[in-house]
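Going in written order, the chains are labelled A, B, C, D, E and F, and every chain counts its residues from 1.
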Amino acid sequence: MAEWPRPASGSESPRYAGPATFFRLPLRRTGLDIALFGVPFDGATTLRPGARLGPRALREASTLIRPRHGRSGLAPFELCQVADAGDAPVRPFDVAATLAEVEGFVAGLCAGGTAPLMAGGDHLMSLPVLRGLRRAGAAPSPPWGMVHLDAHSDTAGSFLGARFTHGTPFRHAVEEGLLAPARVVQIGLRGGSYGPDDLAWAREAGITLLDMPAVERMGVAGVVAEARRVIGTGPCWVSLDLDVLDPAFAPGTGTPEWGGLTPRELLGILDGLYGAQVVGGDVVELSPPQDHAGITALAGATLLFELLCLIAAARAG
Amino acid sequence: MAEWPRPASGSESPRYAGPATFFRLPLRRTGLDIALFGVPFDGATTLRPGARLGPRALREASTLIRPRHGRSGLAPFELCQVADAGDAPVRPFDVAATLAEVEGFVAGLCAGGTAPLMAGGDHLMSLPVLRGLRRAGAAPSPPWGMVHLDAHSDTAGSFLGARFTHGTPFRHAVEEGLLAPARVVQIGLRGGSYGPDDLAWAREAGITLLDMPAVERMGVAGVVAEARRVIGTGPCWVSLDLDVLDPAFAPGTGTPEWGGLTPRELLGILDGLYGAQVVGGDVVELSPPQDHAGITALAGATLLFELLCLIAAARAG
Amino acid sequence: MAEWPRPASGSESPRYAGPATFFRLPLRRTGLDIALFGVPFDGATTLRPGARLGPRALREASTLIRPRHGRSGLAPFELCQVADAGDAPVRPFDVAATLAEVEGFVAGLCAGGTAPLMAGGDHLMSLPVLRGLRRAGAAPSPPWGMVHLDAHSDTAGSFLGARFTHGTPFRHAVEEGLLAPARVVQIGLRGGSYGPDDLAWAREAGITLLDMPAVERMGVAGVVAEARRVIGTGPCWVSLDLDVLDPAFAPGTGTPEWGGLTPRELLGILDGLYGAQVVGGDVVELSPPQDHAGITALAGATLLFELLCLIAAARAG
Amino acid sequence: MAEWPRPASGSESPRYAGPATFFRLPLRRTGLDIALFGVPFDGATTLRPGARLGPRALREASTLIRPRHGRSGLAPFELCQVADAGDAPVRPFDVAATLAEVEGFVAGLCAGGTAPLMAGGDHLMSLPVLRGLRRAGAAPSPPWGMVHLDAHSDTAGSFLGARFTHGTPFRHAVEEGLLAPARVVQIGLRGGSYGPDDLAWAREAGITLLDMPAVERMGVAGVVAEARRVIGTGPCWVSLDLDVLDPAFAPGTGTPEWGGLTPRELLGILDGLYGAQVVGGDVVELSPPQDHAGITALAGATLLFELLCLIAAARAG
Amino acid sequence: MAEWPRPASGSESPRYAGPATFFRLPLRRTGLDIALFGVPFDGATTLRPGARLGPRALREASTLIRPRHGRSGLAPFELCQVADAGDAPVRPFDVAATLAEVEGFVAGLCAGGTAPLMAGGDHLMSLPVLRGLRRAGAAPSPPWGMVHLDAHSDTAGSFLGARFTHGTPFRHAVEEGLLAPARVVQIGLRGGSYGPDDLAWAREAGITLLDMPAVERMGVAGVVAEARRVIGTGPCWVSLDLDVLDPAFAPGTGTPEWGGLTPRELLGILDGLYGAQVVGGDVVELSPPQDHAGITALAGATLLFELLCLIAAARAG
Amino acid sequence: MAEWPRPASGSESPRYAGPATFFRLPLRRTGLDIALFGVPFDGATTLRPGARLGPRALREASTLIRPRHGRSGLAPFELCQVADAGDAPVRPFDVAATLAEVEGFVAGLCAGGTAPLMAGGDHLMSLPVLRGLRRAGAAPSPPWGMVHLDAHSDTAGSFLGARFTHGTPFRHAVEEGLLAPARVVQIGLRGGSYGPDDLAWAREAGITLLDMPAVERMGVAGVVAEARRVIGTGPCWVSLDLDVLDPAFAPGTGTPEWGGLTPRELLGILDGLYGAQVVGGDVVELSPPQDHAGITALAGATLLFELLCLIAAARAG
């Protein structure tokens, strides 16, 4: 039986030493409670590309994170067997083929009940991860609820003639029965629109939309309460697009929108999800070419660790 | 009769395609309700130069903005005929000649009742725009009120021996009868001073000064109420120096001051101005050489769009 | 009849003023001798993306270029009617559809005998431009010769399962009868390979390959002589991938290879092409997110002007 | 008797003119009320180096600061004789020798009652400054209280086998009788830990720990009240690690932690310390290689000025 | 009598320690053989501003330079008394007043026979330095010869309506009898022109123009021979615009031109000037906002040291 | 028996996919012909720190390198068993302890005859690698010859009171009998000196010094001939400090010196070493914080591959 995977200790070798894996964990794909993996694909971005380089940058920044969660004291690597499962296969010039490859990768990875935690890549990549998790058949059956932190709803019908872009994954996920719209809450929406009906589909589907004015009005506590009400006690996914943050906190992303969340608000919302049945999650849209001083990568790595703790806590009960 | 000008559609060609004009609008100077134009001049800056490169960077960033306002649903390009009127002529080595050139340009541009929306350039350039608007003779007669968002009062008497610098425009504007000081409110002032009397002239003239401690005390709602009280129901200008924002949100500016407004506070204040009789405005002091990841340019472009919506709403009644 | 298009004069308004078009030319698509246009697409890049943002950056940098060629005294805008024809339509998520769109755009643009000068975008985009030029039917009939300046041969068969990538355009062009391999010379090749046969197809097709050791051995004069011998007196294309330059001179590109040409060598080679029947050309693979201080954009804009002069000279006889 | 030292006037020569000293003050080491000096050493950093370059960058940025404090009107250079005392001697390859050198330098500098204000350098350098101040014998006798603003407690026992690192200075300071732990308050702590007991020593020693959740709960006013209660009316030190700020506000530091203080919160806390008996202070961990647009250097210089005003006010009574 | 000024020793304190003066020299204006000073002015730039920040950046980078010249073994600080004389006074908004101020400053500085070595600032600033040196009356009488290393001739008549810009200083200098055109050689000219007659004035005045094709043809040895022939044995000035270098070696400048000199070619040319009667010189057009990794500042500081050695050698006979 | 280690194929997964190891090789320490490893230490740097972050950046950039050498066709991963052996243990605050740790690591790694190829780290780290290789006892006995490519001789006696810094490794190596000075050649030396005798020790020891003027004079072929003459046919080391390159080609290093080698010169010199008995080597002084666009990291990774090919060719005979 394989050894319990442990991150390289920062008190034995400096955190900047050695090849960068997620949280300095060993590389492994089997016997895991939670698998961290990357999807280095940005072929579905509508604006500035670069998210294909996200997984590497997240690995690098994640080596700065210490293994015990500060605010809760949680030690995810002691609660669960966690490793870096490498990157899903992608086909850089072919969106459809990539959707299939990633789905297959996740189906295999999670077949034994492993929870997926994906490092993007663009946001379309959440779709094949959800598909793969269903196909793996080991998680609670979909449709799942979702806490979706993002500047954009990502429920458009098509964009520039394409139905599968990083602006459309969750319409597909709802239509394919992966998500239960009544149990989906989207937090942090903002920015202009192309027309008056951009969010009509989401509203009519029954998704709960909390745009930034709503967040301001409700405060973190109010947002948490509403999010918990919406997702209920069933299994849910947490999808975190880094552009939910204000561009000053996350310059390294492809489609920034002004006036977003602060780090502390976002941490507060995530803290409010302890107790929810989180079956997996993703942190997407880190685009290193637009980052500076690595602050967006640090944000992404911190949030990946926060999601890891949520999943570990959910699995540990 | 000229066609109603429309921005190139982001759903037909990607927002990064084609030459960058303001909001992907056509180039045109006549028959407009609102004219967007640049003033590529920074010969009046006291510290770090670069604002002459601001208009280009604002055009580039503005192509990221979608045509419909998110929080209000307002569609300014449907309400009003808006176009990119190009840049005012400048004389890079001659402040006085530039003041005259810009004034003449604006006088011509606005002669038929077009509202000016200026993209700076340094803050001295607000002065010839106000002069030109008066000379055009089509807007409500001055003196006008003003909502002035800035880290600095810009009402100094002189600096390093010069009376016309980016630290002095509004003293001239008051003295020339362009602004009614009792209807001028300055929001976001902060930073050190050279002496105890730096703001004495502004106070004695009757300008309302809301420095950052006042903003903190009053909150956004309080600031809005006070601003509305000061400007009243008469015609007013909105002048927005990007250094009103904290340097983390607007690094790309020449005279940053620590501890400024956040994007959401600034948006909240601007939202509070709907209903005011806004006759024009400006966004100034974007200095691209100090920017990174384009976050200041994005801030400037977003704010230019916010001001456009305010002016369009005021014209549409 | 339309006015002869002239660049905005740098002695009347500063070169940083006004919206950025190629060389500050007017926007126009008809009645032209030479049409400058962009192809904002990078969906066929194998490594670091960003070339979709190239056309904008080339426009911006091109405004620094003065209208008369320094070494030759040539004045292309007086010899020929030249304008900025905007960007070809692209389909960001669909390589095949983009190939068709760009081909159609060029076919229309060049139907009256206009020579195309393309600003990329990734190198696959040379293929639909060549196809479009053939379809336009106004240029000398293909197959054409080609001077191809590049670190890579771009004649691979497929990559990661795809036949149309930025590593494959010229194999297609040869196979489709657009290029005559015996009249194609590739200059500046270097870098490692995946296997011993990477260049076998090109060699067997009869393309002349001048890798960097050959360039070193032959010197600029030798390279020019060989290139002129290969292309002969028939019509030819000039395709310039910025990665032909050493990364220090062109950091802003997706697939840099160490040990490339210097600017002066490249200018020397281009100077050697005067007298050749250049029917069009392209400058590709500028990736602004990897650039710094705009030096790669300046390189690209300078080279676009050099190609413009070559084409103008060829048309002027 | 030496002339009263004055900063070069920004109204006589631009603030960017002349060699950069702290606040454009003269260089001098004697006859001072307050001595500003640098410690260009980063040999005790555990993660990203660069703080050795901090003093130069702080000098450069400090020239942007105007001489009169904005919120209070305080004029420190009129209240006290202040100068740039240069940098302490350091031994780049030898932590122990550097501790001795810096202690000796401070002991000499402060022998006549001059208050030290140190610009780091890494945080270990606070230790020899405190030692030197005690050895100078002119300040109120230790143990002193301390307001410590930092993401980290810096009271570890050892790290990677070393007892003197930038993670350990204040355990030594307490153990050596320089600080009275009951009068020490640490504000802004956050981030993960290596084990459950990372802060146990500090807690047991009696240090008051206000981590970020506590700060959020208490608000600025609550933090101020608690800090004042802890330090009491006796002499105290203010030690400010720039990583107490969120990384978006202070990217240029070696060990960033997500979710920190905002500039306005930090200014609010410092404003609350007027009236305390501040005998000296430090601003440390500016790492220019990770900074961008100089925003962290501006933060550091602003905060150095804030501490200067606190010390000047305390000395002036 | 004042002590012989010595640079702070790099073997006693690290080169990054202490406030940055030129070459870590003391600040002093009297009793000098050679005075290093800055002119922080960029009000005469036609394109990208920033050179006003050049003197500070040159001071910072100059601290990296060791005190003994590598290729010759020359020790300028032992041969001559050299110090940092601070910055000349400037009037940022007034070109004419700045010309007068700088002239007066230099006249005073050099009255006792001190040789000036100026760190720009933009290239117009060479003019008042030459004027001031004449007015000082202690150097050999003008007209002087000049070795002028630059991408541009800087002998235009006017630009955008102004006669005094950074494109015109040397026409004025010739017309005012400061320079003898027959003894002036300009090396490195390149880039496009506005019209066929851009260089006509210089040619007719009798200036020797060596553009880049000439440099390529002649080689370094040929350039040196021609330069020595032109300047002869009389007194001469060396003016070095950093844009003479290719942009990859000097990105941090306002008006870059592609295809310039390499560092080694430039050093070779300067080495060829030993034995000439160099009475002073300048290094201009460093624009830090466009620099990266400080490579242009390092170039400028290295070249300032090279010029210092040339002047020191000339004075030492 | 362990599988022959192969790099992940770039034709199966994009080169930017997966965790970054050297050349996408597996992690392994045993059964190797050549071991690539990092030494993440910069505690011996005299100027700008950052080289501790070098190994990670070299791994990242090395994934861009294709597995077959371009100019020679050599396939090192087919000739030899090569893997990423991780990083040597370091003690960030203790130079002496780090020297011991690295020596021990290399002694173990190479005990079975594995050749070491080290990625720095600062240049002092070459010393413990040489010591470790001797202690391993499997390579030809020292003293070895060395081809040392560097701007600096690194044979100083001490610096700022320390005998072990990155300016001193090779004096120790000679004194300890690791290197035979008569078989050591240093290429690319340049820059100023502290005194007339800086290189006296090296010269007296019998080291062959080829400074940049010598390189210019001799040309690449002359340098190669001299280097081969010096090292002879015995075993030799190749040590490559990235600052041997001109700063434009390698900005990301701690102690840049102007006027260095070009990439093509350096490749030419290395090509000249085929046939020499190269027993190991190192690429040091990559300092990522000073790099931009990764060009220095790309240089370092390319050079690491070049050295790998040299070692593989030597082992393969």
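Going forward, a contact is a pair of C-beta atoms (placed from the backbone, for glycine too) under 8 Å apart; a residue touches a chain by one contact, two chains touch by 3 or more.
It should be emphasised that the depicted structure is a prediction, and the values quoted were computed from it without experimental measurement.
Interface repeat of B-E: among A-C, C-E or A-F, over half of the contact pairs recur, by residue number, only in A-C. Distance from the chain D centre to the chain E centre is 41 Å, each centre being the mean of its Cα atoms. Averaging C-alpha coordinates per chain places the centre of chain C 56 Å away from that of chain D.
Counting only residues that touch two or more partner chains, chain E has 13-14, 16, 46, 48, 52-53, 92, 160, 248, 290, 292. Shown here, the protein chains touch in an arrangement that is not a line, ring, star or fully connected set.
Contacts between chains, counted with the stated touch criterion, involve the pairs A-B, A-C, A-D, A-F, B-C, B-D, B-E, C-E, C-F, D-E, D-F, E-F. Residues 46-48, 159-160, 190-196, 198, 211-213, 216, 246-248, 251-252, 255-256, 258-260, 290-292 of chain E touch chain C in their complex.
Touching chain A in their complex are the following residues of chain C: 42-46, 48-50, 52-53, 91-95, 97, 160-162, 164-165, 289-290. Residues 9-16, 64-71, 73, 75, 248-249, 262-264, 267-268, 292-295, 298-299, 302, 305 of chain C are the ones that touch chain E when the two sit in their complex.
Of all residues in chain C, only 13-14, 16-21, 27, 38, 40, 52-53, 55-56, 59-60, 84, 86-87, 89-90, 92 touch chain B in the complex they form.
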